[in-house]
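Chain lettering (A, B, C and D) follows the sequence in which the chains are written, and residue indices restart at 1 in each chain.
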């Protein structure tokens, strides 16, 4: 009975959604006076950032990103609170599968390159696809690989907290520097440089590196907390 | 070419909406808590696809001014939905992580994942 | 043309893995299916000219979400209808 | 200018990132710093209110990009009023729970205060922001801290309540994204003022559908009738002060969001009738359910939902008197409901299920708390010398001006129901004998200060409603002046 009601309401919802979006159309310019062109031209001419998505995420709508980083921070905080146990014994880590020697040496070989790849992705966030979130996630997957392969591989919790906090403080401080020197939070205070060079885009690169460290530390922390969750 | 674009139009929006409906169906009817969270994450994927599809421009290029690409501003796809989806994906992951930790704790209390055996989740 | 067929195939596979993920009683398989869904989704993002999003979806959707689901399954039960052994024991006692 | 609206968000986030570091060195900092931050936010909002009264709305540009490119924050008489109210309540909640969980481990208390601070920050962000996607981000911040705070007690069924909340919240956030994308695909902008200006260009059908998705999404946090299934559980299972924070802060922010959408962004009047209908259903359903509750916090939760329905009705009237009444109701509800949650949780302290019968005879054991609860109960019913009377009077006058006789009748009848269940509790406090042997817990000094200051506000506003009516008047005029909002944001005469 419940399924029937659910199906009927989903049918109604689906009908309206299809109706709306087919009406909107695909692959065409939907609006004439939107902000899209402003973003594109400002990113090219004012900020000299080649990856427009990065320019939007870090500068034009950098406030969203600050909120987003906070959401991850909150998620890891809430996670720790939810899974908290009174007697703070770190339980045995759940091992998903016993790792063979091949996997072990493979992981050892792969780990540095994964971290390097992640660092590359967030350092070049304003030039090529990628950025702090992607790079941070890639680094976190590297740690995940090590945590899964080696039973007694551990990440210092304090070190994660340091990275997380310092990166967050760096992000907000850059914003506040912009506020106090130029009058607007997160405003660019550094020279923008030339297009398609590593040192371009002013504070964007620095903020994305901070975001990368923060995301990497937070995601590793989340995985670490959940992995140690075994009765 | 018009005709094919039309097919893609229906296919992309249709599959995005279908993904959302499948996810919602799973979240609303399944009994297992993990299945519910899985449904929610599929629902999220559908919405993300929908958002990216709105920003797409026929024969567009990615919104990156890489060398040799600097003057293609008019045919670049819309970068704003992409930025929004980036934010939404990360937020979605945060919510999923919190949801799964709640699931683990519920399991610790009740030793089951079935919502019909956990009293308050019946509604 | 090939491009359209590729897109259609990917979309079809995506829907199929979503349906499989919801239908499958074995949660582990379901979660893997949803990871595969994310993989296809990230390729679709790439086709739709969104490389940034594709990268994020590949890293977060495919790797992290899947692994965190697997850890959750590891800590709870693997099958949708399964009751925990502890509980069964206490009821039989 | 003494400060700027962006500090409402920047400073708490900076503090949130610093707290884990200082917590390693000085453990007490995890509870002191959030309090300092909340106090700072309160004083900042007061000083900005003073500025706004003289010089008009402040529009703060972020990242140096003027709207519609960048995100902007709007501190107008209306948003400023709500910000002041929320930050004040946030500080009071912090003060009340300062000693909370003092004796247990360090980590949970750190999480509690951090999540509380970010809950207030997120709510203030929802109110101040002038961008719909930014609003989505803040709503998520509020939701996630809400999930964390709800599941704070590990020994109770709080995880269930939190999961229920999360389930609704996750679906709501996808609906919100859909609504945002519909608007974006039609108008190409995310700035509220810009959208409001371009709204006539939008197709009527899409307009209606996007509003429906918005209401479905925000309705979850705003506790609108079919979407409020999570609320009673969350209020019951969360720590007592968090109930107050939800009723006083989060719901206010969500109501603000829906009001901002309907009053400023959308331009068709049918939405106002929708508000009245939703409000009436919510009001009637919640108050009749509250009558049947046997747990104190659950009763307060349903009463809170009912009051929100009343606020929706008042906003739905749509005239200046209606908005004035709604704002007055919001103010009163925030103060009074917090007082009720605070004193109520001491009246049923240490009881497992917190039934209403546990308050029996508490008048003798906890005299001050009982008096404060009674003041709160009388005030929320709307008895004359208390603050609640003036807001009820305002809404009845507003309805009478518009000749909505049925509305007046319904509000009066439901108010009698409300009086019945509140007076029942007061009756139990004073005229029943205490049965249990357990010693009631005496409120600590900080909690007492928090409760008494709220009680004093209720009394003072009750005797001198003129103290606040000027602020409310300006806020109401500000909300109704849509053209001015658009002009302020888009032309930016800073």
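Following the convention adopted for this analysis, a residue touches a chain if its C-beta (ideal position, glycine included) is under 8 Å from a C-beta of that chain, and two chains touch if they have at least 3 such contacts.
No experiment lies behind these values; they were computed from the predicted model shown.
When you average the Cα atoms of each chain and compare centres, the chain farthest from subunit B turns out to be D. Across the two interfaces under comparison, B-C and B-D, the one joined by more C-beta contacts turns out to be B-C.
Centre-to-centre, using mean CA coordinates, subunit B is 12 Å away from subunit C.
Rounded to whole angstrom units, the spacing between the C-alpha centres of subunit B and subunit D is 30. The distance from the centre of subunit C to the centre of subunit D, each centre being the mean of the chain's C-alpha atoms, comes to 38 Å.
Inter-chain spacing, taken between the CA centroids of subunit A and subunit C, is 20 Å.
Among all residues of subunit A, those that touch two or more other chains are 17, 24, 30, 35-36, 39, 51, 53, 61, 64, 68, 71, 74-75, 78, 82, 129, 133, 222, 226, 229. In subunit C, the positions touching at least two other chains are 51-53, 56, 60, 64, 68, 71-72, 75. Within subunit D, residues 133, 137, 140, 144, 147-148, 151, 154, 159, 162, 178, 185, 190 each touch two or more of the remaining chains.
Here the chains touching each other pair up as A-B, A-C, A-D, B-C, B-D. Across the complex, subunit D is touched by residues 20, 24, 27, 33, 36, 40, 43-44, 47, 50-51, 54, 80-81, 84, 87-88, 91, 94-95, 98-99, 102-103, 105-106, 109, 118-121, 123 of subunit B. Interface residues of subunit B, counted against subunit A in their complex, comprise 5, 8-10, 12-14, 16-18, 20-21, 24-25, 28-29, 50, 53-54, 56-58, 60, 62-67, 70, 73, 76, 78-80, 82-83, 86-87, 90-91, 93-95, 97-98, 100-102, 104-105, 108.
Subunit C contributes residues 51-56, 59-60, 63-64, 67-68, 70-72, 74-75 to its touches with subunit A in the complex. If you check the complex, the residues on subunit A that touch subunit C are 51, 53-54, 94, 96, 121, 129-131, 133-134, 137-138, 140-141, 144, 148, 219, 222-223, 226-227, 229-230. Per the touch definition, subunit C reaches subunit B in the complex via residues 1, 4, 7-8, 11-12, 14-15, 18-19, 21-22, 27, 30-31, 34, 37-38, 41, 44-45, 48-53, 56-57, 60-61, 64-65, 68-69, 71-73, 75-77, 80-81, 83-84, 86-87.
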